[in-house]
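Shared between the two complexes below is chain A, which pairs with chain B and chain C, respectively.
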Partner chain A sequence: MALPPYVGPFDRTWHYVYLVICASVFTFLIAPILVIVPLSFNAEPYFTFTQKMMSLDPDAFSTRWYEDIVNNRQWLHSAKNSIIVAVFATLIATTLGTLAALGLSKPVMPYRSLIMGVLISPMIVPLIISAAGMFFFYSKIGLAQTYVGLILAHAALGTPFVVITVTATLIGFDQSLTRASAGLGASPTTTFFKVIMPLVTPGMISGALFAFITSFDEVVVVFFLAGFEQRTIPRQMWAGIREQISPTILAVATLMVIMTICLMTVVELLRRRNERLRGIRQT
Partner chain B sequence: MVAENDPLVRFIDVQKSYDGEILVVKKLNLDIARGEFLTMLGPSGSGKTTCLMMLAGFEPATHGEITLAGKPINNVAPHKRGIGMVFQNYALFPHMTVAENLAFPLQVRGMSKADTEAKVKKALDMVQLGDFGHRRPGQLSGGQQQRVAVARALVFDPDLVLMDEPLGALDKQLREQMQYEIKHIHQSLGVTVVYVTHDQSEALTMSNRIAVFNDGIIQQLASPDNLYERPENAFVAQFIGENNKLLGNVKSVNGQSCEIEVDGGGVVTALSVNVAGPGERASLSLRPERVIINPEIGSCPNVFDGRVEELIYLGDHIRTRVNVCGHDDFVVKVPNASGHAQLQEGNTVKVGWTMEDCRALDIYE
Partner chain C sequence: MAMAETSGAPILTVDGVPLKTQLRRATQRSRWRAIGLVAPLFLFVLVTFIVPIGDMLFRSVDNPTLTQFIPNTVKALDRWNGRQLPDELTFEALAKDLKLARMGQTIGRVASRLNFESGGMRSLITRSARKASKLRHGPYKEAMIKIDKRWGQRETWATIKLVGQRYTVVHYLASVDRKFNSDGDIIMQPEVRQIYVQIFNRTLWISLLVTVICLVLAYPIAYLLATLPMKTSNLLMILVLLPFWTSLLVRTTTWIVLLQSNGVINDLLVWIGIISEEGRIRMIYNMTGTVIAMTQILLPFMVLPLYSVMKTINPYHMRAAQSLGANPTRAFWKVYAPQTIPGVGAGSLLVFILSVGYYITPALVGGASGQMISNFIAYHMKSSLNWGLAAALGTILLGGVLILYWLYNRLVGIDNMKLG
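Entry: the complex of A and B
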């Protein structure tokens, strides 16, 4: 970024200071995440860089902690739990959130802001309060320490994301498309699947990914509602740090970072595809 | 059995209210003939779009009955009415190509793939977009999108097509071109069109008949020439075309003609169309192009002195504002023909008009 020629020495200095500040903030945010990646390849069972690692000795690196994940039944079990819970919670959250957003976007909807507020409250209320409430309620009806209970709880946490992203997609939605579809002879069901769904799919998928990630790294509700049998990856990591300080959790963390990056890439690609479909040209 | 010359659409005593108190449409009775191009014309809020929405099925009628081809359709869902519709903002499906948009109404009707393709191609050719099938609506200009919308409303061969201000978003030149195109499509297909607009020149250009709406009532239903030349009330006279309005009191009514004492002084002999009777208020309607400058003596019963206030040169005619009978907004269109009257601002000239060109109507505020 070249500076215009009329810039004085003070502005010039400030420009470089500004760049340094930006870089520092960026480093502050990203360094703790990046540092675990090389550490997860540590050949020694430590959480620090060894002398040999610093001198880039190939012997100091190994994939033993990754092998440990695969060979450890507890890790595999919690990975399976995480995936099952996240997938079902996401399906429920996406379905309910999309339908809620469609309803809330109708011009005739009464008490719109009130209902919207209630629906997104799980995002605003401190998690510990939701979790405690769910614990007492689910215990009463026998859902505590079950998969169903955990899935429902995570679905409630994920729904606000879907409601928000789908509502945002619907802001640009032309309601006369629904009328046009009916005018052309399509039943309301056909209209939903052929016209409305394709146009809100990007919003649904972004919301679904947020819901999935929320469930995948959620630990507070899991503490309250999950028994040993329903232990998820974050819960297992927490236990791993408390009980057996092993770099395996660094390997797990690295895998989770990679997974998150992949999911976010999907979101971005979908957003671009959506813009292209709507004929919005990239500027 | 529906006879061929029965009306395709009938509105019978239709009323519509959105809030249960104010009637947006008041007691509408309207028959639309098969193959007709009928325009609902009126200012915004006059009830014309509401009528169209009731016919399409997107708004229920509060009272009365609407029939299509002899069958009542009040309780028929919009998607079962088989009516084509063109919206003001085109309402093309942005996630489908042009060809997919056109195929949509055929697919929901279960038409075979080969038939669908043939019909889509034919419809695209009709609107001169034969090569645009693979484009998406976002890649087309406004005029092209509107053509696609028209083709999509016609592709499934409906008996009736509704158009809700379809040219409102286009610029003037394109609008005029599209007016002719839609008119030609209507003529070649013989489909019945109900067209809503607030643009009177659009209505005059395209329609077989025009229903002028105001205040939830059809003020006049007539062919374009009748509407322009023989308005039946002061609203229609003012809404359609340019109009000189002179207010006054009715002095006497003698059969077809009447004498009106104009407020600013002078007595005008006019055609008695819609006057309450002697002593009542009336407005005179007179088209600017029907006023004669310096008429031959004895050629018209109404001759007055006028002071030329303003001259505006418009190429084909000169718009001349004259002060006549105390009304200083009296406009005369002087055609720019060879040997036309040379006027100067401040001149006093004789202006005259015949009895038939001056219509005595009710008062519209």
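Entry: the complex of A and C
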């Protein structure tokens, strides 16, 4: 975005104004997330920077809110719940989603766009409606307030992400590769594991991570479907924000941001690997 | 080729089957294989997601309470012409139904159901049921009117007859602030009960506002990301993707921390001296809070589609326009901006669809003036237990979202959706 030498003073000024605007928007996006990190080390039970913190007094910082999490059975229990539900929901969503994407990417598939529309709908329907529907139906068949019910619900919400990412990997998938494999004597199973899987894996993993995040972050369905026993981390945070708001929440939030950064890195590395494997060059 | 044509015989495969048949069979087989791959997920989504939603939508017209718990009264009222008071037989049916319902402990549900329709019915039903249980013999008409003079009013009976319908549209009428009067005409709800039209309008207004602000904020940075060299833009992209991936609840919490009256922004403003200690601005627990937080949360959904469209625009177009004599502003509006319209459409529709159904953020930072339709659905689900109304409000919301979804699918194509 270097300015060419011939621009006049008006364009030059506008260029800098423009850069300032962009910087402000980026700040608006990222600052709220960064602000909570130092605040979670606040020694006082406040949600703002104290005078001492501003002068970088080491006494103003402490890890007491993190110790709070570790010593609190409720938080640990929620963490365990979140992980159990997210892992199983992700497994279901990834398996079913990948298979469906493979089927959908075949040109012979009938009613392709209609079926795609139905499979993506859990992502589009407002969460409150999904949650309400699931609450009634799952209560009727005895799945409300059970882990199984929660896992099935979260798996349904996670599948669109898997379908979308795996379908995207399969766009431009060279069907003659499978024919070549068959021509060289491989059985369909061998072709699947030796040819298709390696090409699909990056999309599958990033879809799985999306499904994992969706489940890990989901609170509305949990709110309606889970009993006290099944409380997850977001549900616990929700209660914390609504009832007794303490900096422990900020510590949890910071940990979740760190988790997000780790997952993001994985996705980015996978994307690069995928592009390298498929010979796409960045320009 | 010539030989096959002249002989008229079909081309055969090694197995002696005509090639055409063989080809058709192969296509058929691979079609069934494709269906077989999609079927498990399709059934899964159907059972865990579509059927539950259909079940809920059905509740918006389903109305079993009265037919189930005071069946004889409902049946007797079928014959009632609605002009004068019902006859002795109807009163007798009512007295007996109330007695039975009280013994079966279902009277509370009858009372609540009627109370949704018309305030004051709860006390009327529970009190009358208690007293009617002591009635041994007729004439029931006078006895009931003696228990409560409202039994002598036509409106009470009209309400019961209305609520006694097995399938009903009252929930939809209530969703648009209307109801039936005792003559069966559709009229407006009383002033104090007129809320939902206003809430729907507010929901649309907040969503529109959020969409427009997102577009205004996203356009410049998407342009920057699309025109910078790949290395720099990849780094800046992290600033868009990190919020996109971060938990919704975490981001809502951060806005509480920033915006509340003892929060970081107010502290900062006081410290700089722009506002006084007493003049702290109220930025949260109202509509402002909802709009600010939702804008930041949904901004990445606008940036990403815009970016992917802008990335495909050839930068030479702008230079060509300028070398043909257009100044930069004119070149931008005449040449560049029109090419970004697909991205603008995709991003705006997506943000609008997502914000119309927003629940968490308004619930936590919205206060009273920032509540949206989803919050009222949740309220009727969890607190007032008026599930019929919740379902009707939900159906209207879902209908709107599905229309927009269809539009999005037509314009953008759902498989072109980019995630990160």
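Definition applied: the second predicted complex is superposed on the first by the 279 of 283 C-alpha atoms of A that agree within 3 Å, B and C clash if a C-alpha of one lies under 4 Å from a C-alpha of the other, contacts with A are read in each partner's own complex, and residues count from 1 in each chain.
Note that in this section a contact is a pair of C-beta atoms (placed from the backbone, for glycine too) under 8 Å apart; a residue touches a chain by one contact, two chains touch by 3 or more.
Quantities reported herein were computed from a predicted structural model and do not represent experimental measurements.
Taken together through their common chain A, the two structures put chain B and chain C in a clash. In the superposition on chain A, contact is made by A:Ile128 with chain C only, not with chain B.
Measured by the number of chain A residues touched, the leading partner among chain B and chain C is C. In the superposition on chain A, A:Gly185 contacts chain B only, with no contact to chain C. When both complexes are overlaid on chain A, the residue A:Phe193 reaches neither chain B nor chain C. In the superposed pair of complexes, A:Phe228 makes contact with neither chain B nor chain C.
Once the two complexes are laid over each other on the shared chain, residue contacts for A:Tyr16 go to neither chain B nor chain C. Once the two complexes are overlaid on the shared chain, A:Leu177 sits against chain B while remaining clear of chain C. For chain B in complex with chain A, the residues that touch the partner chain are 56-58, 77-80, 82-85, 87, 89, 91-95, 104-105, 108-109, 136-139, 152-153, 156, 162. On chain A, the positions that touch chain B within their shared complex are 174, 176-177, 179-188, 190-191, 194-195, 198-199, 277-280. On the side of chain C, the complex with chain A involves touching residues 27, 30-31, 33-42, 44-46, 48-57, 59, 217-218, 220-221, 224, 227-228, 230, 236, 238-243, 245-258, 260, 262-264, 267, 296, 299-300, 328, 353, 356-360, 364, 374, 377-378, 381-382, 387, 390-391, 394, 397-398, 401-402, 405, 409, 414-415, 417-420. Interface residues of chain A facing chain C in the complex, by the touch rule stated above, are 1, 11, 18, 21-22, 25-26, 28-30, 32-33, 35-36, 39, 46-49, 92, 96-97, 99-100, 102-104, 106, 108-110, 113, 115-122, 124-130, 132-138, 140, 152-153, 155-156, 159, 161, 163-165, 167-168, 171, 206, 210, 213, 216-217, 219-220, 224, 234, 237-238, 241-242, 245, 249-250, 253, 256-257, 260-261, 263-264, 267, 282-283.
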